Amino acid sequence: MENIVSLKDIIVEFEEGERILKNISLDIKDKEFVTFLGPSGCGKTTTLRIIAGFLEPTSGDVFFDGQRINGVPPHKRNVNTVFQRYALFPHLNVYENIAFGLRVKNVPEKEIVKRVGEMLEMVNLMGFEKRSVNRLSGGQQQRVAIARALVNHPKVLLLDEPLGALDLKLRKEMQIELRKIQQELELTFVYVTHDQEEALTMSDSIVVMNNGYIQQIGSPTDIYNEPVNAFVADFIGESNIVNGSMPEDCVVEFTGRRFECVDKGFAPNETVDVVIRPEDVKVIPADKAKLTGIVESVVFKGVHYEMIVDGVDHKWVIHSTKAEPVGSMIGMTFDPFDIHIMKKTEEE
Amino acid sequence: ASEVPEEADEEEEVSAAQTLTVSDPDYYTRFKGQNLSINVYNWGEYISTGADEGTLDVNGEFEKLTGIKVNYTNYATNEELYAKLKGGGAAYDVIIPSDYMISKMIKENLIQPLDFDNIPNFSYIMDNFRNMAYDPENAYTVPYTWGTVGIIYDTTMIDLDEEDIDWDLLWNEDYADQILMFDNPRDAFAIAELMEGFSLNTEDPKELEQAAFRLRQQKRIVQGYVMDEVFDKMGAGDALIAPYYAGDALTILEDNEDLNFVVPKSGTNLFIDAMCIPSSSRQKEAAEMYINFMCEPDIAYANIDYICYSTPHQAAYDMLDEEVRESPVSYPDSDFIADKTTVFVNLSDEANLKMQSLWTEMKSAEDENTNKWIAPVFLVACVFIMVFVLIRRHIKNKKDIF
Amino acid sequence: MKKLGKFYMLLVLLFLYVPIFVLIVFSFNETKSRSVFSGFTLDWYKRLFHNRIIISSLMNTIIIAVAASIISTVLGTFAAIGINSMRKVPKSVVMNITNMPIINPEIVTGVSLMLLFVFFAARMNLEFGFVTLLIAHITFDVPYVILNVMPKFNQMDPHIYEAAQDLGCSPFRAFRKVVLPEIMPGVVSGFLMSFTYSLDDFVVSYFTTGSTSQTLPITIYSMTRRKVSPEINALSTLIFIAVVIVLIVKNAIEKKAAKKSGMYKGDMA
Amino acid sequence: MKLKYFSAPYLVWMVVFILVPLLMIAYFAFTNDEGGLTIKYISDVGQYANIFVRSIWLALIATVICLVVAYPVAFILSRMDKHRQGTMLMIVMLPMWMNFLLRTYAWMTLLGNNGIINHLFGLIGLGPFKLINTSGAVVLGMVYNYLPFMILPLYSVMEKIDGSLFEAASDLGCSSGKTLWRVVVPLSMPGITSGVTMVFVPAISTFIISRMLGGGSNLLIGDLIEMQFLGNAYNPHLGAAISLVLMVIILVIMTVMNQFDPDDQVLM
Amino acid sequence: MENIVSLKDIIVEFEEGERILKNISLDIKDKEFVTFLGPSGCGKTTTLRIIAGFLEPTSGDVFFDGQRINGVPPHKRNVNTVFQRYALFPHLNVYENIAFGLRVKNVPEKEIVKRVGEMLEMVNLMGFEKRSVNRLSGGQQQRVAIARALVNHPKVLLLDEPLGALDLKLRKEMQIELRKIQQELELTFVYVTHDQEEALTMSDSIVVMNNGYIQQIGSPTDIYNEPVNAFVADFIGESNIVNGSMPEDCVVEFTGRRFECVDKGFAPNETVDVVIRPEDVKVIPADKAKLTGIVESVVFKGVHYEMIVDGVDHKWVIHSTKAEPVGSMIGMTFDPFDIHIMKKTEEE
């Protein structure tokens, strides 16, 4: 697999001195499903707009299939976009919306009929051809937006939070559908979201961004299991993050107690972030535990109970299939490999 | 109703060059304190308003003297006045129509006889302006002004002797687009009839059609059909030639030294505007008081001095400058009046209607060259739009089917 | 592209403003000439203020505009409330008739009212003048009030009416305390709109005016028809300045209101 | 709910002062002075066909010019910064608040044979041209007076067009010209139709503009009607008949216009 | 605890013959947090409006504190509502919105200041008194709506999807906050939602509705673990629902195989719905299993993997912490108590 899109040292400033993107470099491989993940305002849309050509970077280069494409206008790039709020043409019906790109390129009518038909079938909207797009549900609009982009056979499809406006159930369905389309058509998808679960579910590769920087690039499991810093860890899943220090390799000290762990290579007594996932906290009888706390609240979540446990220095979030009575004292322990040690992040 | 600011310019009075004395102050105070008001409907610029420094505010003086409020509004043509009265909605107390309109109104009972006991100042009216043809008994009217119709022209551009100027100047192709024409049928037809040598009061359809033909010929070189706009256009030098009433012409001449006014020697119309009281008036006595007030020598003089028309009022005439009294424009010699001028009389309904429709037809006629194209182009455009709409619909329907 | 756009806007603004500025400049002209500026004077302004006809018709205009817009605001607001709670068919019938004076050419509205008044005048003791003018103005004002108020009902969250009842208001009180404030912006803009239309109306007034009241536009019309003196330019200048001041104040008020409510309302005119 | 009855006073007003007067027009159009039924006046309208044609023609030209001039203005306005839009819109609309008689009068002084424009031409040795009292002057007067009526509805429609639609179009291969034709124009159709009616209707029925700038030799329908009621040719029956025909014409034209409106939404 | 609100045989028809609510009977206990849960359009809001008095039932009785209150207008009921989209008064600021109900009742100014102050403190909006409600975020508006209702000290607070418009994160926070308020003030909350997780998290008691009928009333654990029919089971959590039959007590047959279970009391060979939660499916080697299938897809969900397994007659959804390779054959088994047997529902 070769790189289809590459960004090299991209810097974007809207106003003099105010950097929105700070030195973004990134390679996107052909036929990959890449997700940009990050909190609101971190620069995801901006990055996408640079690839699509709506925005010229202040400095840095954009490559497409090995060729530098800075300055090429959007309508000449072999890239299509599914916009955050779809941006369907309200004066056209479903059929004409999808056919729009083809008509602009003066594709013969017969070909248009064929290709739009295929698309309608793919996104499961046969019979809706004549419907005004204003009279579609959110999910249907979303599918029209995708079909409208895909019908042009772009090499790369950019999707900017395409599911942001949908409710949970529809969202889940569409996630699966999108993934299926990407795999069937063997396209490169560049996908933007701020929903970590969505990113984990769909991507081949996740780019975690914050504040104009790329924090980590990796596969979903990499990112979930080996986040490079506390920001990524916290953003990717609910986590207990406590301050700690590393007196020696494979030993970490936090909340005044020492625990075994599997990380090494830190300076002696370096202060670190200790990250433990709620589902990795094991509840044991208080008298047998190094670490104890008092159960503050228990909430039934269907699959598991979520307990907030007040452990003096830190309120622990624990997911467990067994509920403990509120107010009782419990003990907590962790497997060494469930304790993630992370360097403190400098900036921010 | 609305209040006019009561203290109508105390200072003005002090600085006023013309001062007012009335013959019988008691007569005018009869209605004081009764809160009466009268509605006066007059031609535009046909009364001294005090707007120019050193002139009398006639209505203001009347209000001050009598305590009767004057609602003063304007019309531009006799026909407009007629329409308003005929429509029946508006209640006026004093109007000042012209000769032929007066006889029409008398015939249609739109105006009522006056009680001349209430108008003692009628005695000032010159004898030769009493018992005119439009009101043979002189029961309905008190003459206000009179005058002739002539031609105003720009002497810098039209180098002709006064003697040589006649109505055909208005048909002179050399001055195409520099000619203004009356925007009312009676005056316009009169000029054409004078050209043709017909009577100004002709009712013969053939003659009327001939006159209309003349007017149509003229249309091509006419810049515009105007009434009071003449003041503005001639004053600003926008046109070179215009026929108009003598009094107004003199006013215009004051503003623009390049202009001159002649009464064509071949003859003209002599008009008389007279004050009347409509039948619908509710304040007849107050209206008569107003008419009487207008005939106060000081007032009559102030008005005539301001509007520059000729006056039938002996006392006012005597107060005029020597120069004005001698002016052949304002006061042509009596032979000319007797031989060459005609006063309009009311035409029969048929003749009026005929003239009216000929007039509208003339005005709405296109220049021949454009006329040919507009209609077909317009029709074709309509057809195109229709076809487009239908096709669009068809396509839409078809789309909905498959 | 941007520059071209700016240039174009400039041209259009020039087209819109040049006539007005010409009027203003020549209001200070010493002579009556309309094309040569020969010297500066404020004379025309002085004479304007001594012109009885202009002053009294200005008063008439203001009185009629105020009366007509107040009456039509009350009438129109109540009408909008009623129409809003009508069912679909009668509602659309009423709205269509209401739109008539807006869609119809002004001259037809004026003429039709004139015919009506003539008819009344013949049978009842109606006199053309203040009353007919007022009726005519109200007639073409009310639709604007209704059209301004109606959308406020649609924009309004219908639940706030219920919410007020839920919090202890009787239905009438709920209407007064929450619905009325909600439609108030529409009422106010309806009032302003009808006020300006009334101030400016010529055509309808022309056909319905009578012997006792003459409005400023009609006076202006008669002035433009005869001996035009630069008084009229002076009048234009004063009107222009008044309009600018009113608009600036209105804008300032709107901005303040917008700030207060956190919403930006772009609608003008 | 009894809220319905709030509208009762207005309904009475509406019937008496909107509906009845219109019926009066119809009544006058079909009766003569004695009150007898006649179609004489309606058929008389036929003789003024050329005035109708000219009025429609001039109004049409004025409308098209307004559209062409206003479209870019509205577009530029709608794409400005939000806070500058308000100010700019006010500046564009401000002349409309001046009495339109005065504005038309201003053109009289500009266009006159001795007016400012000819004066300027004179300075560079041209002219004088005949500007005033021509059909061109009438059209100019219409365009000048009614241009804001075109800008406003166009602007209010365009302002609502989501900017991302332009990006979407360009993303799908449209150059800016194609975007204009395929996206902006169709989306602003409701604005175009309401703008066109808002210019066309007053333009076709004006009598002031033709009188002041057309010199009385370019009669329009408005003049004709005015003449029948307050002018030289007092004849309310004929006037009513002409008004009736005018109303029908406008009705027909508006129906045609509505065909272009995709969602039948009429904005005012 | 006694009943504060009771509905008896409530029927609502908007148009003749078209029943929106079909015989709803329900008792709500004092100080309880009751949630109406059901899909969109099932009649939740309608039920709430009957309790609030905005709607009179076509037939049936409403009792409040033991008294029949049919016909009592809303403003005379000791019930307050938090509306679906808040319905705050846009012309009033935060303070005046909250004070509205008190002003209407002519409460003395001093008392108003005190009570509104308390409320502002409770919903954590001190300092926002003068703010226009249009300039509040969704969460803040929501809190104003609650404060506005609560300041009247209603006995019962009705909340119609109060969190529907909020994003996920805020929603979670507000859930906790609402629950806290209800417990602190000891009020009766009648809460409407179509989000099952929300219902499970917050309620003392859940009323599951569908199509104008009440399907089940019970505590969250009851409803989650012992749904009375397939609709409830599916609606409450993702489930595998297969057709089966009961050859004898404690034995169920589905997909052609027999399994042990714990339900009894069905007619011999009665056809039933068999419901098994995805997390209750155990993966075992294929050769040791009664039931096998081929892994069709694996999606990483953070806490667990979600696998779709094609098992001939049914596609099984399995949640497991270990992923199996796509395409491999696996075996599945279930603990007897994880197999839920349900009577087939008649209608729908």
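First chain written, first letter: the chains are A, B, C, D and E, and each begins at residue 1.
The definition used in the following text is that contacts are C-beta pairs under 8 Å (C-beta built on N, C-alpha and C of every residue); 3 or more make two chains touch, one makes a residue touch a chain.
This structure is a prediction, so every number in the text was calculated from the model and none was measured.
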Worksheet entry | Most contacted chain pair (by C-beta pair count) | C-D
Item to complete: Please name the chain that ends up farthest from chain E once chain centres are defined by their CA atoms averaged.
Response: B
Fill in: Distance between the centres, which are taken as Cα means, of chain B and chain A, whole angstrom
86
Worksheet, complete the sentence: Whole-angstrom distance, CA centroid of chain D to CA centroid of chain E, is 58
Discussion item. As a quick test, compute the distance in whole Å between the mean CA positions of chain B and chain D.
Written reply: 33
Fill in: CA centroid of chain A to CA centroid of chain E, Å
29
Practice prompt. Return the residues of chain D touching two or more other chains; collapse runs of consecutive numbers into ranges.
Written response: 108-109, 112, 114-115, 229-230, 236
Worksheet entry | Shared interface positions of chain C, touching two or more other chains | 34-35, 114, 118, 224, 228
Worksheet item: Out of chain B, which residues touch more than one other chain, so two or more?
Response: 87, 232, 236
Worksheet item: Can you list the residues on chain D that touch chain C in the complex?
Response: 1, 3-11, 13-14, 17-22, 24-25, 28, 69, 72-73, 76, 82, 85-110, 112, 114-116, 118-119, 144, 147, 152, 156, 159, 197, 201-202, 204-208, 212, 222, 225-226, 229-230, 236, 239-240, 243, 246-247, 250, 254, 268
Fill in: Complex interface listing, chain C residues touching chain E
157, 159-160, 162-171, 173-174, 177-178, 181-182, 184, 260-263
Practice prompt. Would you mind writing out the residues of chain E in touch with chain C in their complex?
Written response: 52, 54, 73-75, 79-81, 83-85, 87-92, 100-101, 104-105, 132, 134-135, 148-149, 152
Worksheet item: In their shared complex, at which residues does chain C touch chain D?
Response: 5, 8-9, 12-13, 15-20, 22-23, 26, 34-36, 75-76, 78-86, 94, 97-109, 111-116, 118-119, 135, 138-139, 142, 146-147, 175, 196, 200, 202-203, 206-207, 216-217, 220-221, 224, 228, 232, 235-236, 239-240, 243-244, 246-247, 251, 264, 266-269
Worksheet item: Can you name the residues of chain C that touch chain B in the complex?
Response: 32-35, 47, 50-53, 55-56, 59-60, 63, 114, 117-118, 121-122, 126-130, 132, 209-214, 222, 224-228, 231
